[in-house]
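Have a look at the structure below, then the notes.
Chain IDs A, B, C and D follow the sequence of writing; residue 1 opens each chain.
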Amino acid sequence: MDRFDSISPLDFRYYAGNRELFGSMNSYLSEAAFIRYQLLVEAKLVEALADFGVCKKEVSDDVANACSGITAKEVYDEEERVGHDVRALVNCIRKRVSDESKPFVHFSATSSDIICTADAARLREAAKALLLPQLMELEKTLICIARREKGTIQIGRTHGQHAEPITFGFAISEYVSRLGSRLLEIEKAASGLRGKMSGAVGNYNASSLFIDDPEKFEAAVLSKLGLSPSTHSTQIVEPEFVADYMHAVVSAFSVIANLADDMRHLQRSEIAEVAESFGQSQVGSSTMPHKRNPINFENVKSMWKAFMPRMTTVYLDQISEHQRDLTNSASSRFVTELVAALVLSANRMNRIMSRLVVDKESMKKNLDHSRGMISAEPAYLLLAAYGHPDAHEFVRKLTLKARNGKEFSELFFSEAAPYVSKMSEMQVAILKNPELYIGIASKKTEAVCDYWENMFEPKHV
Amino acid sequence: MDRFDSISPLDFRYYAGNRELFGSMNSYLSEAAFIRYQLLVEAKLVEALADFGVCKKEVSDDVANACSGITAKEVYDEEERVGHDVRALVNCIRKRVSDESKPFVHFSATSSDIICTADAARLREAAKALLLPQLMELEKTLICIARREKGTIQIGRTHGQHAEPITFGFAISEYVSRLGSRLLEIEKAASGLRGKMSGAVGNYNASSLFIDDPEKFEAAVLSKLGLSPSTHSTQIVEPEFVADYMHAVVSAFSVIANLADDMRHLQRSEIAEVAESFGQSQVGSSTMPHKRNPINFENVKSMWKAFMPRMTTVYLDQISEHQRDLTNSASSRFVTELVAALVLSANRMNRIMSRLVVDKESMKKNLDHSRGMISAEPAYLLLAAYGHPDAHEFVRKLTLKARNGKEFSELFFSEAAPYVSKMSEMQVAILKNPELYIGIASKKTEAVCDYWENMFEPKHV
Amino acid sequence: MDRFDSISPLDFRYYAGNRELFGSMNSYLSEAAFIRYQLLVEAKLVEALADFGVCKKEVSDDVANACSGITAKEVYDEEERVGHDVRALVNCIRKRVSDESKPFVHFSATSSDIICTADAARLREAAKALLLPQLMELEKTLICIARREKGTIQIGRTHGQHAEPITFGFAISEYVSRLGSRLLEIEKAASGLRGKMSGAVGNYNASSLFIDDPEKFEAAVLSKLGLSPSTHSTQIVEPEFVADYMHAVVSAFSVIANLADDMRHLQRSEIAEVAESFGQSQVGSSTMPHKRNPINFENVKSMWKAFMPRMTTVYLDQISEHQRDLTNSASSRFVTELVAALVLSANRMNRIMSRLVVDKESMKKNLDHSRGMISAEPAYLLLAAYGHPDAHEFVRKLTLKARNGKEFSELFFSEAAPYVSKMSEMQVAILKNPELYIGIASKKTEAVCDYWENMFEPKHV
Amino acid sequence: MDRFDSISPLDFRYYAGNRELFGSMNSYLSEAAFIRYQLLVEAKLVEALADFGVCKKEVSDDVANACSGITAKEVYDEEERVGHDVRALVNCIRKRVSDESKPFVHFSATSSDIICTADAARLREAAKALLLPQLMELEKTLICIARREKGTIQIGRTHGQHAEPITFGFAISEYVSRLGSRLLEIEKAASGLRGKMSGAVGNYNASSLFIDDPEKFEAAVLSKLGLSPSTHSTQIVEPEFVADYMHAVVSAFSVIANLADDMRHLQRSEIAEVAESFGQSQVGSSTMPHKRNPINFENVKSMWKAFMPRMTTVYLDQISEHQRDLTNSASSRFVTELVAALVLSANRMNRIMSRLVVDKESMKKNLDHSRGMISAEPAYLLLAAYGHPDAHEFVRKLTLKARNGKEFSELFFSEAAPYVSKMSEMQVAILKNPELYIGIASKKTEAVCDYWENMFEPKHV
């Protein structure tokens, strides 16, 4: 298949177009990888059969050896003949082993023992090798920006309207914290994934024919893959483990999408506080040569729009009739796409954020735009604290006057003089200069960065 | 890219695994196809420029010629350099034309003029060449089954409980009708797709520099592609045309998924009224050699679970800020996947339904299971019609008695004797033999088949 | 139940809080209304039974009379006893009629005959009386703004970046057109709704016991309600009719949400081109007395976020096993909430848009901000047209220079002098004054308004 | 507002119709409850202000006293005047306190400090008082059924086809385990909810004017409500805490919906292994007096279809621009509906499951239906274990023969005689009697029940 004969944009454009990541994603998320994981499970199953005395050690070695040489194409060709994916896999192994070994290939297992376990293994490792590192890179970049800009005054915005001043570092520390919480959630969900080796209906019918403690056998197979068994299983592992994992993925994606939204709005022509860096030869528009668009921020938001709704499929797949119906089979194959999309978006976001252009002059200019009004909150609070019986209303009316031309602070200092005389020097200073009205922005930024850095220190950073 | 290095199951498994359809789907839904359509739009644009006297006919020929030879790979390589997909396409064309022609490539157009128009053209043709024919094949198969089985008595089921008798043909005619309505909806939505050639913000800023009536020019370009202009456009075509198309696709998918659900439940071991045909060498289970599973019906339902929720993305993409933001760009690229999934599922469904095993004996056996109770409805109605003041309650209590062993009709003919004596021969016969209580099932089945056959006769069949 | 004991914000806040609309919405969307519609269907059923000679005219009058006096509370009390909603309704009617009439209440019908038909009737009328009028009011307001502001120059924005100039009227005409298309879609879908009177499994089992042509009978009952029968029905009407209706509703909602988004972004402090009007005593923030927030635009967007995803429920409800399972019963009751939410949002949007503050000075100021750069597109096009072999690249580099201080047009007129000399006076004027570079904005605005006004003229306006 | 004037089925039908739960749900989920929680937060805020010496203890008592007497109606009436919900609340408190206290009402807080904190408090308490107890009741009922039926043989079903035998207790223990895991998840997410008191943009701008360590002040206010502060906050608490909570709710709902699906399918006329108990006077169908429908199982599935898709709204609400935009305000009000729907469905499910009719005879009859075939798996495995080189294929072909009339075990014992002679007595017994082929069903059932009972013992049971 030619790359451009593909139908999924994920394949032909985003994943295949990302040379940096293609190789590593490939190892966990491609179909070739999935088949490799299935072969690994089949090998470990026979290894445990030997451990439990059901077959000889030579058989186990024979099977392990066979498993290591089988390609995805081989399995697909056999599937075309027998119409069953795991049976095809089993046949491919059987062809490569001795007659003595043949009976023990896949022995006592049902297809889903292999598939569920392989999926748990590769999703867990995809978290470790792809999701967490990519997100951690972004987390580190954000911590770096937050610390660097902890004192950069910026007007805070609620409802898209100027509210009270913050610092740009404080704004970024929001994402340090939210992304940090999602890193923990993904890590926890990944380590919570479970496998199974309990047979066709979860009852250990087959394995109990040959093994006294089939639960112990199941645990033994899985521990060879670093996994534990599902608390209960039918033909399949309880679907909640994957649902929790995907929730962690989707909710992390939303955090990044929110960051992307914030950045692209701050890049609006009229605001211009940040910008994606732009290559000298890069073209912004096919017809408007001057354009500099936040295309990467837009791309991240757009990928989120494409993938977030797929969580509904995950919830639909929590339902499977009786000991299992197959209506979750095709659909659950698409789950890896969600992982891929988040990996790609985290990577893109890190690339862009680490080169983010921050325009402090614009930030200052924008703050100045509302300089007068910003004092309305501290003015009302100080009036109240010093005994004004209706401070909010008094100040609200003053701001109405101020909209008609006069400077708010001028009006305030004249009309609220008796109260002003009671205020401390610092309080008066803040009323005169909104840039001082930033609460504990800088300290809080450092505290948030410290908190999350310490959280991840020993484990990831 | 190796097929098994792909991430999307659509690519490596379903689409690439369907040799019958691969080629034809490829021509409309692959990235190579999309780029071919974009090149076509660029060529038609210059053709119209020549028609309107903006450039020479030779320029137009030069460009058309250049467009016919460009590959997707070429465009992607150039995109890597300039970081803009349509500019890359334009550069590829420019490289192949004379210096005189160069300025007129993409002249007056913005990227979205090309992309929106190419998308409208290929989605419309994908409907004509893929969706409608595949669905029409299924429709014909269903009509054929409905007519054939119009007299095959089957117990009707509501709440999974035996209700009143129908015929299997009548049950299938439900899907003849519902699928028929979706065929119309897809056809209508496909023909409603629109293009644009109104420039960067929809204002015709650029084209009006050179052309007196730029709306006429836009219509001229589009008519060369069999399209009409969007009533209004910004940088992009109004998103509702694609939303309507995708609604038609998704709602058609639901109809097929419902059919798949009905069939797989009728194939349950205890019901066994229908079955997927099963190859002699096909394997049902990797561990249970006797299994015959409705895997194709399950697959269709599962694909629907994977794709139906993506309609949410389509609705999200209806929102684009001001004259357009790019957060609908990546996401809208995935829209073709929905078309692909429906084409594949319709094709699979047709393949399975055309070989559907119908077990009339099972149908009869199941009907007999509730034979007695089925008469409760006509019994109550006839009692009521002949003057019983509380017929429903009278019969409901009789059915309670009948659950404890006695035959309902026996009880009825004894306890309701005075009313029975007033009934017509036919009415008594129906009470004795529920197989007669099938209303106008057969006639209605034929009427539904006729209606939809006539609807499509001249156009598709 | 006290209003504030309610759980749904729709009930206690939005609908109950809208005195203007409460009464009219109540008549179609409340449970009381739904029961009134069901009683109407029951009455019309018996009327038709009389027409077809199954019962006497007196019976029909008796039943019609009984139906007119029954309250929702009465039905709910009876349901508590019998555990079945429609049987409860039937019992309430039966209690009020003579013994002779009793048997003919609900005669030959199944519950869904009543429910599906009542739902079709009230959804259709809710479209006529609520949805279409409210949306039409908004459409008229938008037409009025578009015409008024057709010449008000505004910078067009793509990617949140300044692109090319448009007019504010042209920007609004986008929504005239998109909302117009949705009005047509809702109208079409509403008139497409269908009823049924084909009995328990859609086979006309019951009615055919007494009536020769039960399809004719079904059509007769429905025509009394202004409805037609479903092409095919099982226990229920084909679900696609409601799905199409809800798609029309949701896609219309998205259009309004997009308008709300555009407006709230244009109200950003730094842009300030429009604003919601604000009452003298209205409070913007509980702590920041100066705040003026676009709370109504935000509310509309937020309602869309709450309701748009519910379309997934509609698609889920397209699937019903065999002749019907009841898993679409509770869920389909919530469908009216979607209608209510759109009615409320359209009404709110009209209220706000009709008092929209448009700040032309801000628009001019913002345009001036990018005045220089805007000429890049016409500059490149004119160069190209006059023979420059690489105009886009030439201009792109010029804009890079211009970012470093120099004025773009100054640079251009000096560096591209040979080409400028070939240009027409008008073309040079446009290059000097971007306010002239607005294509056919004004004319297009009028054309769009005319088109949609004519479309609706005879029918609605 | 009359109950039947409501629009939401939740209000007029499910919640208002559940007398048992109405009162307790009301206390957490109604608007009256929400306002009560907001008043509590306002009171605790002033209490902490007194603790920190910003105001006198008398002021705090005055405010606490005022807060205890305010009704929802009062607040809504004031909101109508000022157009701001929290300002209305504040005004209502201010009206009831002394002039000295007035300035300290809501002092230093922004609206969202109150709203986010009140929401965290009531959602956490709704989990403790409603969700967890209702789900725990269901869990206990399931444990009771599982233990009781641990030895009741039932055919296991995969793909709706008979697979291998299990026991009904084992089937139920699936839900003991899955529901158990969701109880933990809800508990964890509920205790993870966070409040805030960090002011308008999360910077502590206001509180730091008066208090040296505003983070300590925030923690103090929240601890009075049993809450902790959000790691970081803007105007609002990080949305992930609520997203995790709602994921726990939705994924628990899916588990219950799956159980409902299993039960309603087991109640199918042809299977009839379980049934909802049915009242003597209950009506099954308005026209088919004999019907006994699984309406409660259907209702639970249907509620899930109505509410599960709303998780998309929760993900949409993770995105809020800059320090907050209000487009998550209306939408987040609907979140309590999801809690209400799960409480109602868990309650209904427990009611039905605790009276579930289990028909062991039907279970036996159904098992016998496939008795012969079931041995195919152990037959293949034993052949393999005793050295047959191609056991799966050998047995698969035998089952094909067996479909044509002959008994599978008869065929097997004759054609595989050499292998049978090597088998143990127990192994031969299992091949002859599939009822013995149930693995460790009974033991596993007990183990699962023990595990979860121990998990919850000290805390909930």
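By definition in this document, contacts are C-beta pairs under 8 Å (C-beta built on N, C-alpha and C of every residue); 3 or more make two chains touch, one makes a residue touch a chain.
Bear in mind the structure is a predicted one, so any value in this text is a computation, not a measurement.
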| item | value |
| --- | --- |
| Both-way neighbours, i.e. chains that touch chain B and touch chain A | C, D |
| Pair with more cross-chain C-beta pairs in contact, given C-D and A-D | A-D |
| Whole-Å gap between the CA centroids of chain A and chain D | 24 |
| Length of the line joining the C-alpha centres of chain A and chain C, rounded to whole Å | 34 |
| Intercentroid distance (Cα basis), chain D paired with chain C, Å | 33 |
| Contacts with two or more other chains, residues of chain C listed in rising order | 87, 108, 157-160, 163-164, 199-200, 206, 264-265, 283-288, 293, 295, 298, 309, 312, 325-326, 377, 381, 392 |
| Parts of chain D lying in touch with chain C, wherever the complex brings them together | 1-17, 25-26, 29-32, 35, 71-73, 76, 81-84, 86-87, 90, 106, 108-111, 114, 199-200, 206, 264, 279, 281-288, 293, 295, 298-299, 301-303, 305-306, 309-310, 312-313, 316-317, 325-331, 333-334, 336-337, 340 |
| Chain C residues within the chain A interface of the complex | 155, 157-164, 264-265, 267-271, 280, 283-295, 298, 312, 366, 369-370, 373-374, 376-377, 380-381, 392-393, 395-396, 398-400, 402, 408 |
| Residues of chain B defined as touching chain C within the complex | 54, 87, 99, 102-104, 107-108, 156-160, 163-166, 170-171, 173-174, 176-178, 180-182, 185, 199-210, 214-215, 231-232, 234-235, 238, 240, 243-244, 247, 250-251, 254-255, 257-258, 261-262, 265-266, 308-309, 311-312, 315, 318-326, 377-378, 381-385, 387-392, 427, 430, 437-441, 444, 448, 451 |
